[in-house]
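Starting off with a structure, shown below.
Chain IDs A, B, C and D follow the sequence of writing; residue 1 opens each chain.
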């Protein structure tokens, strides 16, 4: 558990270093699937003063198992994603500015190029807005459920991120570090897609062939990118 | 008074660190309500050479009570805000670039998402332009009065900032540090709102339910965000 | 002369620090009016390796008086500006990205707010394009002459900068340091004006009253800004 | 060969320093024409951990001649460019954000000003999209062939860069360092051209006279820029 805490701590600290968070607007968690426990940032604690010991351990019923501080108020969202996506080992939420701008416009990010296709297979979707009832009761849980709904019939490991309408992005990966990596890519892709749309009256997504080529040269059994 | 000076000094020094000021384009003040005195940055002094001792103490009649240097030329604006908003303990003025761009367009910032709703309840308004007479005589005082006019019937602690048409933002809080915090948020929110409006032909504000949820999970008696 | 060299050296070194130059794309000069000599950056020398000794001294006939290296290829432009504007003590040329974007669009920067009005009285003009003949022969001299033409009937100390169509900005001041200060302001103002124009279908310049107020509270005999 | 490795290593390390790469999204190579061997970054290795010894040596048949790691997956593209452009001594590929945005919009960058004309003579072209067949088989080789096709009848030393549709930029030079220099310029030029197009309904390229003046005052036998 100390290893996982250290890993999740380091992943959290990467958020300010990569320019993805202002103040406390972000949180990373990581799960130990064998023990069904996940580690998450405490709520409202500044990154400068965060220590690995402050991280909170939560079980898959959402009960705090270890830690003196309250877990992130987004903990129920992380919980629902761990339940819905069994291959996910780490989750990140930020208000990073480009991805959040797309989320505020309630618009999914089309795949305009190979940078996107290298990591996300097809559009990064925007989840539907929550109903007034879903907002009023169990808001953070419902945020997770609506994300899961968005991925019905989709492989979350092929599209490791989502936008929440009028809110911001969530991303994930096999572990906390990969989830942060995908958060950085999502932000970069959101920035370039914005500019792409402003360079032409109408832009089209990259061809399916090009998307396949780039995604599958890095992922799956025929991958030949890297060592 | 030395404590307040130190606090206001540190809040001033956060402005260049957060990228909110170019040269001397900003100032922070903080008030001691029990003594009816406020501390403010001296006029035209570079942040690199600013020391806590250089800060100027002013009373609620606008008279300098302590200090060798002239107070910021915006001092009469701060004064009017302290008079109009009794809960305010600190005030910031900057020409931070995104917020100033909205101010130059004389346009309030709609609440497009939860980042905004976490700190500002509803639109961040743009105060009306001053009349030629208001500009000609007691310009800085009138700037404060027009802001106060903008908040008639509004709770300034729920919307802790404003844009001055063709000028720039003011923000405030319970103390100088919180005022700077709100200035940072205002700048970030202004940036994301600009981009949001450019991603769609017509964008709508976040639903009232979502705004309520986010503002009141952080503020007021039912808040559950943080420790 | 060594004092002036040191001053001009420091002003040059501020350009990369303020993010106004990529590689060698900029140069600062400063003049000693009593001796009718000016000091300027050598051509094509990197800022990292620049030393005060490498600066070149040129007289008002454009002859090199001191220095082992060739002066900046823009030297004839500086020369014409020193001839045309007798109050100018320092000149800067950069390709800073926001100001250059306006120059490339061949568009003057309207005064949209007080940040602009604090330093530039009215629009920052864009000089007309050079004719093919003016480009072909004595291009750099003609660049200076066209700037001087742009300021016929205008006070260059009230508008201490200009855009050259399809090229970039020049700015100036009473000395090299002030010229760089104005280059920084010009870049910031260009950025905010761009965004201002994109926030509304049609934006108007700040009122003349507001422009007067801000410019003259900092400049001239009734100034009350600063110490 | 050790000299070339060191040179290519330093050129690679300049990419993150200049802000042109996120994670491993870029690679630089340099060729020894006399030995018909080129040195290139290994695939998927982080810049922080990259050492000169890890660089891979490849011959002009694309065979690895030296090195423990796999060469960049873009190696076949570099190879085709070295074959097609005999004066080229170094090549860079990045996903730098402004240039990639133009590439994603499949749009060449018009020459709007002298910053562009100082380095690139005329438009920076966007190569045509690859056919499904070209993507499916020998994708990276075909990427190089389509770039070469784009430069039929053009001098690649006069336009030392290109955009690949829905992908990103390649640039080159007489050696690896110059290729990186041109990558930095291309990114800056892409940024300013984007903004230029957004400042006017219709913008025109800089006049041919101005383009000639600037390109040829820095290049060719009549150059007079620099020392």
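Assume a residue touches a chain if its C-beta (ideal position, glycine included) is under 8 Å from a C-beta of that chain, and two chains touch if they have at least 3 such contacts.
Just so it is clear, the structure is predicted and the values come from calculations on it, not from any experiment.
Which neighbours does subunit B have in common with subunit C?
The shared contacts of subunit B and subunit C amount to nothing, since no chain touches both.
What's the chain with its C-alpha centre farthest out from subunit B?
Most remote chain from subunit B, centroid-wise, comes out as D.
Tell me whether subunit A and subunit D, two copies of the same sequence, contact each other through the same residue numbers or different ones, using over half shared as the line for same.
Counting which numbers both chains contribute, under half are shared, so the two copies meet through different residues.
Which angle of rotation, from 0 to 180°, maps the CA atoms of subunit A onto the equivalent atoms of subunit B, to the nearest 5?
90
Calculate how many whole Å lie between the centre of subunit A and the centre of subunit D, each centre taken as the average of the chain's C-alpha atoms.
From the centre of subunit A to the centre of subunit D is 33 Å.
Mind checking the centre-to-centre distance between subunit B and subunit D? Centres are C-alpha means, answer in whole Å.
46
Got the subunit B residues that touch at least 2 other chains?
198
Under the stated touch criterion, can you name all the chain pairs that qualify?
Those chain pairs which touch are A-B, A-D, B-C, C-D.
Looking at the complex, which residues from subunit B come into contact with subunit A?
Those in contact with subunit A are residues 112-115, 181, 184-185, 188, 191-193, 195-196, 198-200, 203, 206-207, 209-210, 213, 217, 224-227.
Quick one: in the complex, what on subunit A touches subunit B?
Against subunit B, the touching part of subunit A is residues 22-23, 25, 42-45, 69-70, 73, 95, 97-98, 100-107, 129-130, 132, 135-136, 139, 166-168, 194, 197-198.
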